[in-house]
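Letters are used for the chains, namely A, B, C and D, taken in the order the chains are written, and counting of residues starts over at 1 for each.
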Amino acid sequence: MNFEVLDKFNVEIIKKENSFEKIRVESSNLCDLLNFLKNSAEFNFDRLNTIIAIDLVDNFELIYDLHSINTSQYARISVIIDRNSPKIPSIIEIFKSAYYDECEIFDLFGIEFTNNQNLKRLFMPKGWVGYPLRKDYKQTDERLSWNEK
Amino acid sequence: MTKNRLKINIGPQHPSTHGVLRLVLELEGEIIKSCEPVIGYLHRGMEKMAENRTYLQYLPIVDRIDYLSGFFNSFAYCNAVENLAQIEVSKRSQYIRVLTMEMNRLSSHLLWLGTFLLDMGATSPLFYTFRDREVILSLFEELTGQRLMYNYYTFGGLRHDVSDDWLDKVGDFVKIMPKKIQDYEDIITNNPIFTTRTKNIGVLSKNSTLQYSITGPNLRATGIRVDYRNSKQETGNKEHNSHGLGYLVYPELDFEIPTAKTGDSFDRYKVRVEEMKVCLKLISQCIDWLKSNTGEIISPIKQHLLKVPEGEFISNVEAPRGVCSCYVKSDGSGNPYRVKWRTGSFYAVQILPKLLENTFYPDLMAIFGSLDVILPEVDR
Amino acid sequence: MEYLYFLYIDFLHKYNLPEFIGMATFPLLPFCMVAAALILVVLFLVLMERKVLAFFTQRKGPNRVGPWGLFQTIADAIKLLCKENITPTGAEKFMFNLAPLLAFVPVMVVWGLIPFSSEFDFMSYSVSALLFMTIASIPTLGILLAGYASNNKYSLIGSFRSVAQAISYELPLVFVLVSIVVLASSLNLRQIVLAQISVYPFCGWFIFPAFLGFLIFFICATAELNRCPFDLPEAESELVSGYNTEYSGMKFAFFFLAEYAMMFIMCAFMATLFLGGFLSPFGFYLSERFIHNDLLAQVLVYFEQVFWLFLKTFFLIFCMMLVRATLPRLKSNQLMGFAWKVLLPLSFLNLFFICCYKYFIYAK
Amino acid sequence: MMKKSLKPFRDIIALALGHLTVFKHVFKRPVTLEYPEKKLPLNDNFRGEHALVVDNEGKLLCTACGTCQRVCPSFETIEIEKEKNESGKFYPKNYTIDLNKCIFCGNCVQYCPFGAIIMTKEYELADEKKSALKLDINTLKKNYSDSIIKKTVKSKR
């Protein structure tokens, strides 16, 4: 794939051994980049496979896994978010399937998606304390421990 | 405004939600005005579990993500780890993996067919499909030791080889199966009650399937010929990524991908039935290869001492309910740093409110049933 | 009939009982027999349904209680009797308790209207066919009450579906009945059966001129009985159990009994109207032919007639079970459309055809 | 137009075909298995209750190495108390498997370097008490001898 077109979005292309290549982008440019990738004829990434959130201890990484039906291509867009104020613009305007993904990440990582109005906890019960998939999460609810009686 | 509306809870325990899904419906007479799915009743923390287990310890748990098609999840995970650790998989084990996965797809579709028709009110197809599924499960039990939670794949191979005796049994099954599929079609395909209930009901347009990331047979029912098994995409360019499309030995096998046109419930039914026939075709090809070729299947690496070098990988598998992606990130230790599962049903639930709006209450079963949602896969 | 009466009086005389006791109790005897027969038949029917459905799906069906599972339904009935009767807190208590009775009692009444043999029926009125239709539609009221009173949304939807269904399917049903009445020139069910006697065996049955009518009647009867594919009021995949979701124990058993009894009676009614009721399909009665004792043969003929009626009824029930095993459920709007757009015009057509037939051919 | 007028007939044919297909199953033999009396034949791969292999001299093959603990996907399922015998080799003083937590994946059997643990074909494990599902070393030994007697397992070594 020819990524030179993407320079205007201030991207950084990361290649590593044993890994797929990622396009690193600032969170402010994310929506524009995705819009471009979706609509340009060359890339035409029309399906968002999934959003993957990773806790990198110091900060969070979000990987947007894009697939193209027409050109059979893949792209992975990575965004790094600050751990102390985890906020990122929502992309449900571009890909509607992102809604559940964003809710899931909000639920399990506590990353807030701005302008996603109906952000809710998807899996965990209402009023659950903490975000389970963070590395520093500690199980505090005693009801969940295995008690033999 | 909501004065004449009846708010009704479908689930969490309800005969037709196939698990513990709760749908909050607002009815106006028999017309559904709004629908809100509530999920999470079956959340087991599959992704958290991976973080404090070794790669091998996590492997048996993976089967439980979608208990009806355990091989697919197992393969997606194994494939990711194998790619990260650069473990070669022998040809024979690849063929056995294809064989078992296609049988698994067949059994999964059979169960879907039975329960879908039961939701629609036809009782006897359920028993016929379960009768035939039972044969597959018995074969699996003979091969792997259990009926649903197989734990058969290992990193770089399989637990043990298949015997010729077993292959003969599968061959016999493949021979009788087309007749049985014909039986189901006789009972249901042209049945006027069934067709009027499903045709033009729950229509998914091409655009909205992609927007909502619906994959698998649901996507193909709209006419988009996309199948991750097939590397020979019709409109695609030939240079695809080395992973992804056309995994395992699928490029060597001869099969076509069934599609339909309109993307309504009937087409989803039709695509799945056709897919069952394709499965039979693939199975018989695999049997032929396996009978004429021998090879090593036991992986040379020490499974329980496996350490995976740093890196990350996404493996995409065409599971019966859509693309199953497994993301594995390794930090070089014996435990995976992060595992993320992407399953087809998760997105199928998301589209329900859109599909159900302004449909009749009985259409709920025709639509929801045809999407083939399974709840452990949604909640993980 | 008189012969039977004298036998009974003789029997009483043996035990030195006065004749007026015989006079008083003799009319009650058929009632007791009929009521007992109904319960037995229903118990058997439930078993038959389960067995037949099992055979259709390559299973064995109930086979644990008694030989071939014969006592399974009896065990089930005892279980239901022993269960606790639960009334939901939000329910209308009076109506909640009334509903099962309202569903069950008309069934018992209607049962007596069926002519079991040429002499032997419990209630014979000149308008019994019309009476049958009238009383047979009362159980729907029970279902409506059950859904309304049990304070459950599933039940409510089930009951209003049931009423809509009953109203729309009653109409074609009655029009087909009218065509039969035209053919037989009588509203008395026994007369309808006797009108089906012909020179050739079974050629006089009304199913032959009114085959279309028979099909319509069969479909409408299935709908009236809320059986698959018209089982919308209790569609288990949508409404859990429909109108009887909240019922348990004996009250549920009443609904259950009423449903199966009504199924049997409806099929018997259909056999009476179309399949020559108690008439033998051979044109003669076997006991007449093979037993040379005149008096005994006369009595046996009555029982043989009951046998033929039951045989035809069970054949129809078997057909209903086959339909249940095969077809998926209809959708509510589809169901109404089918009744008003297809069945009603067809029943008019049937009536028109029968009138022509009666005028040009049958009357001659 | 022509096609549409034929639709009712095609519908009736389809309905008749459906009923016929269901009806023909009456003549087929039932596939039901009456469970407690008859049971499905199980093959040697079956993953049932565990057993510890005892050799001909009545000694356990287990050396308490702990591999089974390390490959077990559920935590604290297998507990081993190890001890040294006179000749300096380790042996398990006590070996418990908690079936409440076991998921019967068969990893312990697969990766045991000595073939010391096997899975029998016993699968009717329901019990009233949770404690009955905690198998200690004696039960595991007994399971092995039982399964040898019942010939439900091949004798290893």
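What we mean here is this: a contact is a pair of C-beta atoms (placed from the backbone, for glycine too) under 8 Å apart; a residue touches a chain by one contact, two chains touch by 3 or more.
Predicted, not measured: the structure shown is a model, and the values here were computed from it.
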Starting at subunit A, find the fewest moves between touching chains needed to arrive at subunit B.
1
When the mean CA coordinate of each chain is compared with the mean CA coordinate of the whole protein, which chain is closest?
B
Taking each chain's centre as the mean of its C-alpha atoms, give the chain farthest from subunit D.
C
Inter-centroid spacing, subunit C versus subunit B (mean Cα positions, whole Å)
47
Per the centroid of Cα atoms for each chain, what is the distance between subunit A and subunit D, given in Å?
41
Subunit B and subunit D have mean C-alpha positions lying a whole-number Å distance apart equal to 25
Between subunit C and subunit D, centroid-to-centroid distance (C-alpha), Å:
51
Subunit B residues counted as touching two or more neighbouring chains:
124, 128, 131, 187-188, 191
Where subunit C touches two or more other chains at once, by residue number:
56-59, 325-327
Could you check subunit D for residues that touch two or more other chains and list them?
15, 18, 21-22, 25, 31
In the complex of these two chains, what residues of subunit B are touching subunit C?
6, 8, 14-16, 27, 30, 117-124, 126-128, 131, 187-188, 191, 193-194, 196-197, 360-365
Sites on subunit A touched by subunit B in the complex:
16-20, 46-50, 52-55, 63, 65, 69-74, 76, 95-97, 99-100, 108, 121-125, 132-133, 135
Which residues, counting only subunit D, touch subunit B once they are in their complex?
10-11, 13-15, 17-18, 20-22, 25, 31, 40, 42-43, 45-47, 67, 70-73, 103-107, 110-111, 119
Going by the contact rule set out above, which residues of subunit C touch subunit B in the complex?
53, 56-59, 153-154, 156-157, 228-229, 231-232, 235-238, 240, 324-334
Within their complex, state which residues of subunit B touch subunit A.
39-40, 43, 45, 47-48, 51, 84, 86, 208, 210-213, 215, 224, 226, 233, 235-237, 240-241, 243-245, 309-314, 316, 323, 325, 327, 329, 337-338, 340, 342, 346-347, 349-350, 379
